[in-house]
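After this come two complexes, each holding subunit A, first together with subunit B and then together with subunit C.
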Partner chain A sequence: MRRYVLRRLAVGVLQALGITIAVFFVIRALPADPVSRIVGMNPTEDSIRQARHALGLDMSLFQQLLTFLGFHGNGVFTGSLGTSWVSGSTVLSEIAITLPTTIQLIITSFIVALLVAIPIGMATARRPGGKLDKGVFGYGLFAGAQPEFWWGLIFIFVFYFKMGIAPAPLGMLDPMLTAPDAVTNFVLIDSLIAGDFTAFKSALGHLVLPVLTLSFLLVGPLLKMTQQSMSRVLSSEFILYQQASGLEKKSIGRSTLRSALAPIITLTGILFGFMLSGAVLVESVFSLNGLGQYAVAAVLNLDFPAVQGVILVISVISLFVYLGLDLLLAKIDPRILVK
Partner chain B sequence: MSLKRAISAAAIFSIIVPTGLFVSAAGSTAATSQVTFLSEDVPAGLDYDGPSAAIPASQVGMVNLMEPLVYYKKSGKSPSGVNLLKFGYNPADFQGRLAESVTKNGLVWTFKLRKNVVGCKGEKFTADDVIYTFARAKSVSGAAPIGYFLSAVGGIKDFATFDGKVPLGDEVKKIDDYTVQITQEKENKLFLPALTIFGMGMFDKEGMEAQKTAKDPWSHDYANTVNVPSFGPYCLSKWTKGSEFVLTANPKYYGGKPAVSKIVLRKVPQSANRLAAIRTGAAQLTERLTPKEFASLKAVKGVSVGSVVGNESLFLNMNYKVAPWDNIKVRQAVAYAINYDKLIKNAYYGQAKKWKSLVPSTYPGYSVPKTQYTYDPAKAKALLAASGYKDDGSLKLTYVAEKESTLGPVVTQIKADLKAIGLDVQLDPLPQTQFGDRQLTKRDLPFAVNDQEKPIGVDAGYATYLFFITGGLNNMDNYSNKVVDDTYKAIATEADTTKRNAGLATIQEELAKDVAWVPVVEFATQWAYSSKLTGITWHPDNCVRFFDLKI
Partner chain C sequence: MTPSEALLSTRGLTVKYPYGDVQNVVIDELDLDLYPGQIVGLLGESGSGKSSLALALMGLARHPGVVSGEVNFRGKNLLKMDDEELRQIRGNSIGLITQKPRQALDPLVNVGKQISRVYRAHSHASKADAQVRAIELLRSVGINDAERRVNAFPHELSGGMAQRALISMALSVEPDLLIADEPTSGLDVTIQAQFLDRMWERARDANIAVLIVTQDLGIVANYCDRIVIMEDGKIIEDRITTEFFADPHTAYGKKLILASGAGTKSSNADVAITTTPEILRVTDLRKTFEVEGGKRLQAVSKASFQIHKGRSLGLVGESGSGKTTVGRLILRLADPDSGEVWFKGERIDSISPKEFRKYRSKIQAVFQDPFDSLNPRWPIERVIREPLDLHTEMSKAEKGARVRELVSLVGLTDDILPLRPGSLSAGQQQRVSLARALATEPEFLILDEPTSALPPAARADMILLLKSLQERLDLCFIFISHDLSTVRELCHDIAVMYLSEIVEMGTSEQVFSAPSHPYTRALLDSVLFHDPSSRRVDRTVKAELEGEIPSPVDLPAGCYLAARCPMAEQRCRDDHQALIEIGPSRSVRCWKSVEASK
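This part shows the complex of A and B:
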């Protein structure tokens, strides 16, 4: 097991480095010069030259790469992702603010989605063609046909604007509240650390609509996967044998779920990696200031250090998520390690 | 757990829990004298010589934390009740801010500084702060040296070399703790106007020097990322980049404690969400909604919309180095093809007016040229035929993609208007950075819609200097006209305002004859705010000064 983990980590580090270097060159091939945004609308040639020098863009590409990696001072190898060309702050400090918001949103959405998808998927697998199955089919068509930001706007319109029971889509906290001191940058956790239950309640309330929006979309594929996987396992010989042996339904249900979990976990991992940057539209609709929004702004502003930093961080997180999932799968089915 | 129970639990979780939280979170605690201001972004940096100085949201932070030496006086109101300013060039046209008075003797300006000015941490303002500010500007040490640039625009002596190796000399001289003299290179009307711009705010020397490092002796990193010590009406109390910017009133501000004690500036990228929050009272002030959204608020009880045609405009730029735009008949055909009235009605909901010249109509030196272009499709067709240009469908009309919600209706109508005279242009949205790169650095955009040029120097001469003299800093069309160049040269150092204005009128006539740009509309700068909020004032940088507000 230990060798397996170390081997996976070593390969993952190389993958992350490879992706980062590839992004380093790809983003520099874009047909625009980031200097024009920095110097404003009335630049002199001197100020353009000054800005180019300040950003290190007057060095050769190879020199820039070495600087980015940390061969000339601080860089990736020394734990620095550089300084944002838009704000002047370190990229690491900006990611430390935006990433927790996204992680908080995604994890909560997955919890809700799995809590809904797995029981319903199990039930429909046991009674194919029933009312619930038909309802699930209709939901799949309905929810899957609309983009998530559209659902977000609909939810805002209905629950906030019309019914007035949801908070305004203005970020993670009520504008009148002071945010708790940042310790982890997870507002829910920080408010608990500070003992600020008003802020905690507000943050929880502000998460409801974004979570509802994301989980509304996530439930679709997870439910479908649960249903198919359960159907396959339910018709397998060992379950039929359990039924024929007269085992309790509860016991059979546990065996079925355990055997059906592998593809659901795999799908969850894939969706999680995708959502790290794919939640951007939901973040934007609800003004959440998450990593996806940060990444999009970085690309639009040609903020090269920020783009490189975000991609490296997403790669590393995805690496750990996939590793964690593989370990979980191995726990469920130890044959994986042997293979 | 049985399946039935599992399903029930899921249903309860997905319905009851969110509803409960909704109810608990919908209420909010009210605080007195707080204004929540929603905008597309919050300041990305506070150093006006830093990388984010060109971002409007950053300028909002700078102008509310920093204080200039002088500023324009208030004068009158727009029809919607927005306070206006009076523009000019002479000391009498300005109010003293950190400077109590200004006198001019030849090329030497003497500033008597205000005593008992105290910053957020109790620091006192003296002549040393002024000297520090100009020395920092002259160091050319930031990524985008705006302070240096504005000093040069104002004609301050010895602000011509750009290598940062020439230290500040006696062009900015401390006479005593409360008197400073600044010497100009030659006569230049832009001296006082330049001092009002966000990139000329005064730093607190002590506060800045306390943050300097060997690598960063002018504390750019601190101002970019933490705070900017100065003497403004507000103090920074919280700043989460990309999310929130909170200011509290400086109780010792020399102009009196601000009426609004706390300002919460929130980033809400979606204009529809800003609109909803204003309608429901969750916020008290917002900006940069689409014209349609502003129009929809006019009948909403408890919400006011303030608008002023200030210095924002929309024009078409056509590149003189790219065919067919080098052909004056094609340019004239385009100018006659646009249905201006329809555009004002449909795209701006009446909150715009036909632009008659190529400098903002509120700026000193503006004049209406005799040559005007009105909607005349028959004339446009004739001019296009006379130009000899045969349309092959390859022309593109470029615009900023991020402004789709505002510019979408505009470019769609322009495309239809041009098609009606036989020009089938393709719409070409480009990301802002790419648009800016091609406009400013490469100068190779053939044909574009532009609504983001507002000369920060409030003067028709400054606009000419930027956009229209040969090789001008922002001459995006590569325009060149000897009459314009020579006339500008003659008036650049002209002290007599009447003679200067006559020269500027000649320039504006030439620009109109050449169709240097197609001036389309001057559109209103607008804000939506709670009806309880008063004091909104239009400033040439379009940034709200929170000190103006009362609630």
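This part shows the complex of A and C:
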């Protein structure tokens, strides 16, 4: 078990490194020159040369890679992702601010989505063709056909503009409030640490619409998967046998859910990795300064260190999420050997 | 017996499956009475509703089916009971054993927990007590090492062991009615006999009512007091077993009796050892497979035999005996580790696959699963024509004529030619496979369990067809099967395999009339003849084997049968046995049998 985890981690680190190096070369192969964005209009030869030198772009590609990795001073191996060419602060510190916003958003969305999808999926699998099932089908047609930012805009229109029950879609907190001291950069947690319940309530309030939007989207595939997986287990031989053995309903329900869980967990993992950067549209609509926003800005500004940093961080997080889910699956299903 | 004495009686029992707006009726207004102490065999083709009936007797239907009508158990309608009352009857008063033991167990929970769950659902036992009870129960159904096995997960059990675990669950609460849905279909014949004997004893001792759903007339003849035949969700015949065998009323029943050949004995029996030219010779064939953990599984060990023109060899054994692998090695679907295969004086095991291609039209095969071996997207005409396209230079018209000739040869009609395999019955599919195999006029056929996946009536038809083809075409073939009565009807010579080795060889007559090896004797003894006048339960069976077949990965040092053999001595456990000739064309791998024959 421990050996398995260590091996997975070792392979994962190599994978992450491989991805980062690949990204390193690919963005440098783009037919766009980051220097021109920095020196402004009508630059002199000299200022271009200076800028190239300042960004380290006058070195050979290989030397640039070595610098990035940390063979000359600070780099990936020493825990530094370099300095953003746009803001001048370290990439790590910027990710430390944007990442928690995104994680907070998607974890809450997943919790909400799973809490909705699993019970409804179970109920509809039990009664295919029932009223709930038909409703779910309608939802699938309806929700699946529209992009998430559109739903975000509709929710803002309805709940903020028309009904006025949701806060303005501007960031994580009410603009009138001072943010609690940054400890974890998760606003919800920081406000609790600071004992600032006004800020906590405001942060929670600001999460409602973005979470509603994201989970509205996530529920679709999760619900479908729950339904399919549940109806497969429900029509399985062993559930029938448990009924025939006169086991209690609760006990049978537990067995069914446990057996149906594996594909749902796998799907959750895949969606999670996707959402890390895929939540960008929702972040935009609600002006949340998240990782997706940061990544898009980095690419548009040709901010190479930031792009490299974001991709490395996302691959490392995905690595841990997948590992965690695989261990969870092995815990649920004894047929999955963890050696 | 009158309905009032019935333990369970159904009136107007109906099971429907909704498909959109259509209702698919699988059990149609059915009335059935079951009495204490009576063992009833329920027969019917697949799709006749037997399994659905077995479940419906407990008020259950496979998701999303709906049960209606009356199921009166001790005079009270199960379908009107509340959940708790019904739950107390299921698994407590009515026990169920299903067809697929391993699928019936929750794959995520260990066996001990599953047994104790059922036990606890019907008693007030504590978790610890239930665990102790689970170990007792496993031991009582003959699982050695029960303390360790309670912690095993279903996928770690063999089919036989999973079946026993299920039995121990069904019997944990001593039911009044036991419903067994093809309880032995996944088991080997010697294990099947063990299981049925034990069930019969339990039913007699405790005066339990038993309903056995089966496709095997042998089980009915040997163990059942009464036979019920279903067709299209209805009962078409409900008789006392002996009366049924003497005079079946329905066409289907008559066909079953006729097909089972009850009473008829072998026809091929005593053709003398022939001097026709040799077609196939196999010497010292050996094959192992690598399994997880770097170990090797011994599939075939030192198999040697030859087949002469016009003769047929039956390769008999239980699952895992290596009989199928022998066929695959000859067909070059796998390469042997060592040994030789000669076809008409030419060695074919070491030639390149390209060179082997020219023998493909001479050596053909029919496999067990008829549907899997046919391309589902091709019309039958193309399926049968394919070998002609590959191996002959015939014109289009000649091929068309040959295809029609083949179709009629296997007893089918031209109108199936444009159909696709999916719209044929299993029996018809298997005939198509046979027609395809015969297309190039092969000199040698390998028939790998061609009858095993067929329902009883189709199986009987297939055997009759093979028999007539054998006479008309002078076919030369290996017939691989675990079904001894079929082999006896079709084969001149027999080789019995057990755990990768041939343990006994001889002509059909020799082996069937005087089996020599203890394994052969046990195998013959576990054949359930379709004759209620000589039931296995009325005989005293001496050659019964005990326990499970050892793993082919960790084979014992001495005789492979020693651990199960009633005659085993120390010498058997120490010395590996060699196949020794004890007469003309007759050999056996057992020193005791050799001594006895002298």
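The rule is simple: the second predicted complex is superposed on the first by the 336 of 339 C-alpha atoms of A that agree within 3 Å, B and C clash if a C-alpha of one lies under 4 Å from a C-alpha of the other, contacts with A are read in each partner's own complex, and residues count from 1 in each chain.
Simple rule for what comes next: a residue touches a chain if its C-beta (ideal position, glycine included) is under 8 Å from a C-beta of that chain, and two chains touch if they have at least 3 such contacts.
Everything numeric here is computed off the predicted structure, so don't read it as measured data.
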item	value
Fit-or-clash call for subunit B and subunit C when the two complexes are aligned on subunit A	fit
Partner chain in contact with A:316 - subunit B first, subunit C second, else both or neither	neither
First (subunit B), second (subunit C), both or neither touched by A:258	second
Computed vertex angle (subunit A) for partners subunit B and subunit C, CA, steps of 10°	150
First (subunit B), second (subunit C), both or neither touched by A:129	second
Partner chain in contact with A:19 - subunit B first, subunit C second, else both or neither	neither
Contacts of A:112 with subunit B and subunit C, given as first, second, both or neither	first
Touched partner set for A:240, first subunit B, second subunit C, both or neither	second
Subunit B versus subunit C as contact partner of A:92, first or second or both or neither	neither
More subunit A residues in contact - subunit B or subunit C	B
Overlay on chain A, subunit C to subunit B nearest C-alpha distance, Å	14
Overlapping contact positions on subunit A, where the subunit C interface meets the subunit B interface	249
Subunit A to subunit C touching residues, read off their complex	128-129, 231, 234-249, 251, 255, 258-259, 332-335
In the complex with subunit B, residue positions of subunit A that touch it	30-44, 46-48, 50-51, 54-55, 85-89, 94, 97-98, 112, 115-116, 118-120, 122-123, 126, 132, 153, 156, 159-161, 164-171, 174-179, 198, 201-202, 204-208, 211-212, 215, 249-250, 253, 284-287, 289, 293-294, 297, 300-302
Complex contacts: residues of subunit C adjacent to subunit A	18, 20, 55, 58, 60, 62-64, 83, 86-92, 94, 96, 98, 100, 103-110, 117-118, 121-122, 153, 155, 166, 169-170
Footprint of subunit A on subunit B - complex, ascending	2-4, 6-7, 9-10, 13-14, 18-19, 21-26, 28-31, 34, 36, 38, 44-45, 47, 50-55, 140, 142-146, 149, 162, 220-221, 224-225, 238, 240-244, 246, 264, 266-270, 272-273, 276-277, 279-280, 282-283, 402, 431-434, 436-442, 452-453, 456, 466, 473-474
